[in-house]
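Structure record follows, encoded as structure tokens.
Chain nomenclature is as follows: A, B, C and D, assigned in order of appearance, with residue numbering initiated at 1 for each chain independently.
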């Protein structure tokens, strides 16, 4: 499997490339806030989410805490108090501001936070002039960390603005009929895979990967088949029309309890107006594109849909096995769509493995055999979340392209829906 | 009792005076937001409170809804959507944005809300050129309504900023010793009142009063005595030192449950640093002034303190009976203190009846005999709150002077502490 | 007002009479548990309620703690552990078993508790042979305390069994048409009262009264009129038919929030089956008697109904003023009806002032002027509950006749409905 | 692997053996209630638990619903209402009484439920006289279902009685020093296993197994080693002494949140009295046996302990791989210990794989490849719980011996502690 080499092409090993990447990632984050006011960037609409301003500050805090303070001689903090305010969950680094109260931070102002970013960027460029391998490794983590927050920034602000009836009504509604690909009504094909004893994960020798993707190890994957594309909105409407949200037998027990408690009747952000279904794109109501992949569904909904169709979700091993033959290309953040896009299936190869929307797998997020937590504060990165969450694979339209790779394991709780999440059927 | 006439001096019956009052009140509201950023004005720190921006918009909505729309020919709404967004609780006027979600309104922006105020002010001045008695009566209510929100705006933003450790630390701490009046350590005197069959409330014939202050009626008030001044911070520290917050016998049953649940050990905003007690003034920590009235206490705390001292709280009838001989003057909003101030007691007359801090009374907020709800939307003003709340009297350092009068009945729930609330002992 | 003397007729001052009363009250409690199994007597269906077994034990604990332990030489406790288990809320007497966990006490068994009652009764009779005035006073309190618990025992078990679909279905349904008095459809008359400066409360000189009924004091009662009878079920159905439970304008703000949260559409225990309304009597569904007083309503519902009818609730002072001319007789526990009964109104005098159902008044439960808490543990009896509750007057079909008197003040929270509560209109 | 055959020895294929097994299992259930009163058997101390009376009825309901009603000609239900009352979670069978309200069922009485059991047993014996293979298969499920409830009955009543201070104090305390095996202080050895491609699960051809244990399939198990015995109480005290419950770095993120919220400082039921640690056995406080396996711990605690020791929990595949060489024998229900017992480890073979206490594994409860849900109501048995729960293996001192087998997968949520749960270290 040549994937490891392949997915690293964009990561320069030279210092110059790293500096360039640093500048590009940091700039991309700021670009994601275009069109948002200081007031918008205060919003925290639920404890799971964070204000955009907080994302800007926290990603900067990461570089200050793990790079500048330990490694740049004579570095003066921008503001000592930020240490406490913008720590997220690193218990080893000290106390932190309570997560559900991030929305209370009207001060420091957006302007101050922008100043913080600039101050740290200047110091980082100085540090990068004479960096060591250790430093470069930590910077790489910092950039991948920031790309993760780029995605959260997008999904968090989408959620917050969706709750403001005024913001939505001001944005107007796009009611054009979708130009679905002609073949979207064709039944998609299931492509067979032989399986066998396969290698899963990576040892991160030649390129970056998180601890939870390691070590590379063997897994026995029985024969299986995968649907060539993601489930579409049209198929989801069929599920709804067949009382999918009303029949307990289709659901996991915890899933049914959640449906009842939350009153779910459709994916998140869907709204029916005068008989037509709309969703939200770029903070605006838009007519549902029937040929596009369904999005903003929980694990419970994905699992119930699969059962309704007489199928199941793939395991993360099946997914990785199948994806090794696919280019790491797709509808990522840089395409600017901000919603999964339709795809023309031809029944000859798997489509949409990368980009468009995260694919829920049937695999809980647990350690790979031989997993070990690295030393130091960054040890808290992934290992402590290895309970009660589910692996998603493949990235979404809000994921930065260079963040994605074959072995990437994203994870969320089964009830969460505010990420760009979808599903692919397996048998 | 000449009070009714007296307290109306500042209210002009002529149109010109009303216009002048309109301009003054509207300007005062904006002045209260000086030093606050658009981000600060987004904050809603608890369901009881509202964002400052919301107060600006809601008070404006009042004039648009009850004056301009029905009475100004050809008036065009600034924005139709504001009708829904900035309604507070007037069920008759239509649906409204849920109260606990007022903090989600990043849009409309502060700038748009400021534009709204200006737009409505211009239209109002036009309307006031040719107003009728009916219109002038409604405008007067609108101004008194706005003055109520001026006080809430101050207490709401104080609460929100108090939760931001950064805002407090940036503001610094004032640790100067208080210049308490020399006689603050003298035991205050209790002044005797004869009581008897007294007239309470007003018929609002010559000046403005809310429905709940009406009608004027007879109450039999037994003999009583009132402490000449409010309870001081020094006295409250004695209560704390005597385990006041630890002894269930001193408390009402509901009060003790609240103390346990909330973990109260002192008034709101108090913090002990290196053995010294501080409170918050103008969003800044300040050394506690021992001679000043205690402030930010719940009814439960007031009641427990009184029991501890072998006294009780006055009834609202006793308070009004005693206050009829006192000028409606004191430490109001216009003094700019933003905290209750010490007073020199001389044992010859009651002090601090008006201004400084609201005084909890032992009287639940219920209708006066013969109370009737006025017709129309404004009927919802006070009557629907006549359960489970307690009457407070006298106004505070955050109350506009012209809002106060002898018969004014403020009301809050027994557990609420974020208003400028204090107590006076009675026997 | 000769009432005080009158209402004491049944209380003997002589020792012999007290012994007889002791035996009668204690026996009456046990009789109320006829038909209940040990399993039934375990039930605690909500934190407000207690298991029947707990009532049996707690009332006995009262005599052991306040009479036998301090006053009977050589008395040995039945079981030391009961001291902790069966204390209700007397903070001064020591720690106690948490109220919401009373239902966990499968041990001691009902048989042990019955043994406890017998053991204490024998010791009490011994004590009463040579009692002093102090002891007799405390015994009298104990008996009145037990009568209060007799009423709670009935309402608590009614609530618990109402939640068991099996118990209800086993009991069967009484679907006979009600034999309403012919004149029940006549509009009831309002009887006028002149009011004036009245004496309210008692000094408890010649007969027993709780601390909260004291001292006797003057209140100015303006002219008023009272409906001759309680509101009937037929009238309540009119309220429901007129969308009484759907119109926010009819409700107090807290009341409307409660209606929404609880989903109230009718009084407690009402159920519509095949177009007919039923309620529960003796743990059995029974066709609603249209002429009988409405029952099991909250203060909020009573208040909304009165507003709907253009009336109001009486104050407790009006009620007491009107009731002073009425015999303390009515449908009490001893009549065995277990539901309020219809009354024939003749428009010449007030009916149903005593018995049938408690009448919500517009008066919050607060201290009378000059109220003072007695010393000792019994001091906790009523004073600590003087916040957020409302006074009810007149007793119910579950009240022991000798417990009732003109000045009796019962009190509950505005949302509580499981007592036998009704209303009388005032103007 | 000869285990499948082996573990089935006790299951007779002949009708006579099935009848004998039926009688034995049903009798064993009743014997577990010895010493419990009708009042004890009402207790439901948390929504996770059920009253003992409910377990008696529900297991009987299973036979009535799935055997007698469909298969015994002319069968009359004991009581039609039981259908609703004693359904647990079978959505297909109809509505059911809400789980958290099972404790409200004072009626039917224990006596009636005992009558129900006898009535159904008689009818079942009649049915079994002429049973078919289908019927026998369903009866076998019913008996295994009842054995599961035998274990829950024990753990549920243990939890309920542990909350009653009176019950505990009456039972007395056993303070004898434990007679720990002399070698308990020896460091246990880790036994190496080679791993490889292994068969896991069963096809249930020759003996009973639940759907979730099927189908038999291949899993690649890397080399590993297992501790020869379970973690002991002595080792757990070391963990506590080393601030195990105070150090967030040792815990999963969800685990640490649970520790904080619940205030956990030790396993469930542990209490320190005068410096000595006690636990509960047979509803009685007993001195902690230091050499015995730790018990009543959550997954979170097991996982944190393993991390603290530099180890990890085994996967369920490792466990099953290692257990295939071990006899299915151990300290089961029939031994009557009611607490895990010490074991003498010799470092030559794995001990305590079966019995004593359930072993938390690192494996979430998800379907085996090729898992399919059987048709009919019994389809709801396990599949719907395949989310957010963790697999436990090996049975406990409360498990009936014939219920256990190599492939048995028990499952609970990570925070649950009231089962007999322990851990074994792996590397």
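Criterion: a contact is a pair of C-beta atoms (placed from the backbone, for glycine too) under 8 Å apart; a residue touches a chain by one contact, two chains touch by 3 or more.
As the structure is a computational prediction, the values presented were derived from the model and not from experiment.
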| item | value |
| --- | --- |
| Smallest count of steps, each to a touching chain, taking chain B to chain D | 2 |
| Neighbouring chains shared between chain C and chain D, ordered by label | none |
| Taking each chain's C-alpha mean as its centre, the one farthest from chain C | A |
| Where chain A and chain D are represented by their mean Cα positions, the distance between them in whole Å | 38 |
| Chain centre separation in whole Å, for chain C relative to chain A (CA means) | 60 |
| Chain A-chain B separation of Cα centroids, rounded to whole Å | 48 |
| Overlap residues in chain A, where contacts from two or more other chains coincide | none |
| Chain-to-chain touches, reported pairwise for every pair that qualifies | A-B, A-D, B-C, C-D |
| Contacting residues of chain C [partner chain D, same complex] | 37-40, 42-43, 45, 81, 84-85, 97, 101, 103-110, 160-161, 163-167, 169-170 |
| Interfacial residue positions of chain D with respect to chain A in the complex | 89, 91-92, 197, 217-220, 222, 248-249, 251-256, 299-300, 303, 312, 315, 362-364, 366-367, 369-370, 380, 384-388, 414 |
